[in-house]
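In structure tokens below, several structures.
Here come two complexes built around subunit A, the first alongside subunit B, the second alongside subunit C.
Up next, the complex of A and B:
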């Protein structure tokens, strides 16, 4: 009997492994393989102009030294921080505010909620076109309206000062629904008792938010902020269509810098080194996210 | 005698104030939604505007399909078909490989489960440029640049992780008791999966498939780098209108509308999963 059940459990284990292994093999081929290839490439001066440069490991850390000790990479990281800070900050404020506004179980509010998801599910390239239209004075309804009042502001996306905030604004529009969704989900799981108790104690709307609701949604909010922080590093279509990294290099954030170095200038090795540094940064943030995900239920 | 009406009218006032506040919240939400969606509506309007009137900001124009007809005559339908093939192919392949794996992870305690979860999370988070460099180099050697199969393979990088991640959750939420009863009756693991677990998880498979399709359909970066002309997808084709066709705004708007339509339609089907927040993390790049 015991022997039979052991044989059966071995049989079952083998069956489950058969189901799991193909997926892991494919996943390894399409993710681990490229990751290793990327790191190896980052140790070479690979460029199509010099045949054989992909096998030249004589100065393995030259790309990293160039990245860390010449100004342009630092510049891109600094721009990245600026862009991420503005856009994640705005998304969080707007996402929480709209979630609080929509936090009611009426059918009307539920329908409205679905409408707010539209910017987030639109193809990113369509978002980029929409904002290109809004930011191009010739075709923009916003510029037309301002013109009707006699205002003729310059184009934001060609201004060295305003190009980055303009991208941040478009990115905020695209992604605040994500924070809104996460916060709404958390708000709906909130028990009624603390809210009732605070109401009886005569808490103002602001006190109700700050002392009752915010502590409850904080774990979900942290996860949303981290997700958005990581994704803001990858913003591509908006920058590609709106500014192409310019004017000058004022919107050439790290991701875009890696793209230009690799695919415009063909510095494959150098681009791979930048990408490797980015993956390392994203990995650190993901570890933090996993840790947060693990502690979130206890905090709530 | 004197106090009672005062109390009653106080309660009435409070009820009225609550009703006013709810009305204000609903009105505010409606206005805000309109403001958020206005740019999208503008794109749709632009796509129906005759070419001469495109630049005018007025709403008075006779709608025309000229922009769409111009698109139908060019290379856009081919790009649209490429997008369809690459997205559908990658979705089907990811579901075929990923759903059994998700089931195995949900029903069996593998020792490496935590590490697999972390691996999948990092895959979801890694910047696409990190994948594109090695894929471009290898695809150049294998002749997969500018082919639909090449795109299908690249889209597996995010779709397979998404399928395993979300389907594991769906299977975990189905009670295992029916399957355990079938096992005791001598049914094999995979025939039980096919006959019991899979039909129960069918809505989850549909929702996950739709998310995979949307993610592949929305891709711009991989297609920009890894295709030229033969396998060019619709999002890349739109950008080419911007560069070569001298800013034909009407055509660009019409192409944008065509690209967003399938996504909006599909999102409508999965909106309940989205609004519950559970799958939000997987969506988009």
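Up next, the complex of A and C:
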């Protein structure tokens, strides 16, 4: 009986392995292969101008030294942190606030919810064009309206102070519905009992949110924040269309910096090194947030 | 058995051959078939007046030759990024491409585009009447590789000049178009905001629009290009030029001037939303063309002279054949058609295309008279500018690592105009970063 059971479990393991192989092969080819190639390329000075440069491993860490100690990389990372902090912060606050407002079951609210989702489903380039129009004084209805009241504010996207917040605002408009949706889904799954108990105990609206609803939606909120944080690092179309990294370099965040180095200056090896550093950063961030998310419910 | 196999093999081979011949484009030409029947040519150029105009004539080339043409004209930065990648990877995605002036050093130097001399020298492929020597030498020199072979046929001599959409306002102020830098602030101060029209604008590619001012003040990009590529962006002349140019944008340009691309500048000029610009001839002369609202009030001048002289920027772009193209002969046929006297003359006569690179057309009396707008002899300005560039002051622009320096100039001017930095700080940073970029590119300084 025991021998039969062992044979069966060996057979089962073998079947699982055989069944998994195609998926693993596809994963290796589609994901791991390019990732490994990216890392290998980052160890070379690859540039299309010098055909043999892709096989030159004589100074394997030169690109990393260039990125970490000499280039504008650190500046771009700092900008990226600023942009991510502003956008994720605003999206979280706005997403939670709107989700709390829309957390009821009337038909009107359902229609309003759908309306809020529109920015999120628009192609990013369309969002960028919408905001380019809004931010261009000559054609912007906002500027025209302000002009009617005698106000003539400067162009936000060409101001060194306001260019980054202007991008953050556009990004928030596009993506706060994602947080809203996640939080709303969590709120709608919340049982009524704790809310009723808190009401009977005389909890204020703020206490109700802070001590009852927030602990319940925290796991969903953590997931939303994690997704938005990772996505914020990929911000590209808005910057490309609205500011082109300028004025000066005030909106040249890391992936835009990598783009310029790779495609304008043909430093492919260096671009690969920046991409590798970004992947490592995002990976570390994901681990950290996943850990925070995992301990959060117990703490609550 | 052996015999059977042989018969099968013969039958299979015959069937395969018949099948291959039946494929589109592979069948031998029947009597009267067009020379490029079945050939698909992928052609791309950045979006500019000439390539957009050429699109109207391409159906004629298709009808004449039987070729199918897939023609794309993305914006300048997108075109350059897309093409840089395609050429670097020796892709066969394109058969005819624009060789961008700023990338000549890279694209021609690395052998990414074909030398065209063998095509030109072959009478079977190029009739003598096509006359390759008719192109202005100033426009072809930049396209020669280290062996002196021509690698692109220039379709434009992009010369920079001055243009006003509301010359009437300038006249009303008792002034004319500025001939010197010193006259510019005076004129702009007099007309800025009149009729709600801001005075001045240039496109936000300052690596192109600023060097004319830089050189006019006695500065330059490099110490002695192409031999000595030490940047000289922090000299007193360079700082003065940057301060002067940025002041024009800060004081007299519309809000958000730093975000204006070349097509937006053209639109602003054509609609009279901005008065004066120093821009490419092909752009400013659109003010005098149908579709403009300022045909009656526009005026033109040479690019103003600075204390050190007049340095209007002249760029040239040309049609080339990528090394990876699989249709090189057909591609050459397209280039000879697109750059023939016959077609260029038609483009000029039918649509007013004026940035022509063939001397035989520019010297026609009808060219001269048609390019006189509101009394301004633009043809003469064009010729004078092309001849000025023969002095060689544009040599800085075709060295392979120029794009990196170009970016530093963009950043510096944006920094000054936005108030983020002083001219001194911005140009010092441009100098520092340019040196770092050049060393990184392997340039010995």
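In this text, the second predicted complex is superposed on the first by the 257 of 300 C-alpha atoms of A that agree within 3 Å, B and C clash if a C-alpha of one lies under 4 Å from a C-alpha of the other, contacts with A are read in each partner's own complex, and residues count from 1 in each chain.
Following the convention adopted for this analysis, a contact is a pair of C-beta atoms (placed from the backbone, for glycine too) under 8 Å apart; a residue touches a chain by one contact, two chains touch by 3 or more.
Just so it is clear, the model here is predicted, and its values are computed rather than measured.
Novice: Examine A:248 and indicate which partner it touches, taking first as subunit B and second as subunit C; both and neither are also allowed.
Specialist: second
Novice: Does subunit B (first) or subunit C (second) touch A:276, or do both, or does neither?
Specialist: So A:276 only meets subunit B here.
Novice: Check the contacts made with subunit A and report whether subunit B or subunit C touches more of its residues.
Specialist: Of subunit B and subunit C, B contacts more residues of subunit A.
Novice: With the two complexes superposed on chain A, say which partner A:138 touches: subunit B (first), subunit C (second), both, or neither.
Specialist: Touch partners of A:138: subunit B and subunit C.
Novice: In the overlay, answer first, second, both or neither for which of subunit B and subunit C A:37 touches.
Specialist: The answer is first: A:37 touches subunit B but not subunit C.
Novice: What is the contact status of A:263 with respect to subunit B (first) and subunit C (second): first, second, both, or neither?
Specialist: both
Novice: Output check: A:286 vs subunit B and subunit C. Expected answer is one of first, second, both, neither. What do you get?
Specialist: Only subunit B is touched by A:286; subunit C is not.
Novice: Looking at A:107 after the superposition, I want to know if it touches subunit B, subunit C, both of them or none. Which is it: first, second, both, neither?
Specialist: neither
Novice: On the A-aligned overlay, A:154 touches which partner chain: subunit B = first, subunit C = second, or both, or neither?
Specialist: Only subunit C is touched by A:154; subunit B is not.
Novice: So which bits of subunit A does subunit B touch that subunit C touches too?
Specialist: 138, 263
Novice: Okay, in this complex, where on subunit A does subunit C touch?
Specialist: Spelled out, the residues of subunit A in touch with subunit C are 48-49, 66, 70, 72, 135-138, 143, 152, 154-155, 157-160, 242-244, 246-250, 260, 263-267.
Novice: What residues on subunit C touch subunit A, complex-wise?
Specialist: Spelled out, the residues of subunit C in touch with subunit A are 80-81, 84-85, 87-89, 106, 109-110, 204, 254-259, 268, 273, 400, 403-404, 407, 410-412, 414-415, 417-421, 426, 433, 436-437, 440-441.
Novice: State the interface residues of subunit A toward subunit B in the complex, per the touch definition above.
Specialist: Listed in rising order, the residues are 12-13, 15-20, 22-24, 26-27, 30-31, 33-35, 37-38, 41, 54, 98, 101-102, 104, 106, 108-110, 112-126, 129-134, 138-139, 141, 144-145, 173, 178, 181-182, 184-186, 227, 230-231, 233-234, 236-237, 240-241, 255, 258-259, 262-263, 268, 271-272, 275-276, 278-279, 282-283, 285-286, 289-290.
Novice: Subunit A touches which residues of subunit B in the complex?
Specialist: It is residues 22, 25-26, 28-30, 32-33, 36-37, 39-40, 42-43, 46, 54-55, 57, 97-98, 100-101, 103-105, 107-108, 110, 116, 118-123, 125-135, 137-138, 153-154, 156-157, 160-161, 164, 183, 188-190, 193, 214, 217-218, 220-221, 224-225, 235, 238-239, 242, 249, 252-253, 256, 259-260, 263-264, 267, 271, 274-278, 280-281, 283-285 of subunit B that touch subunit A.
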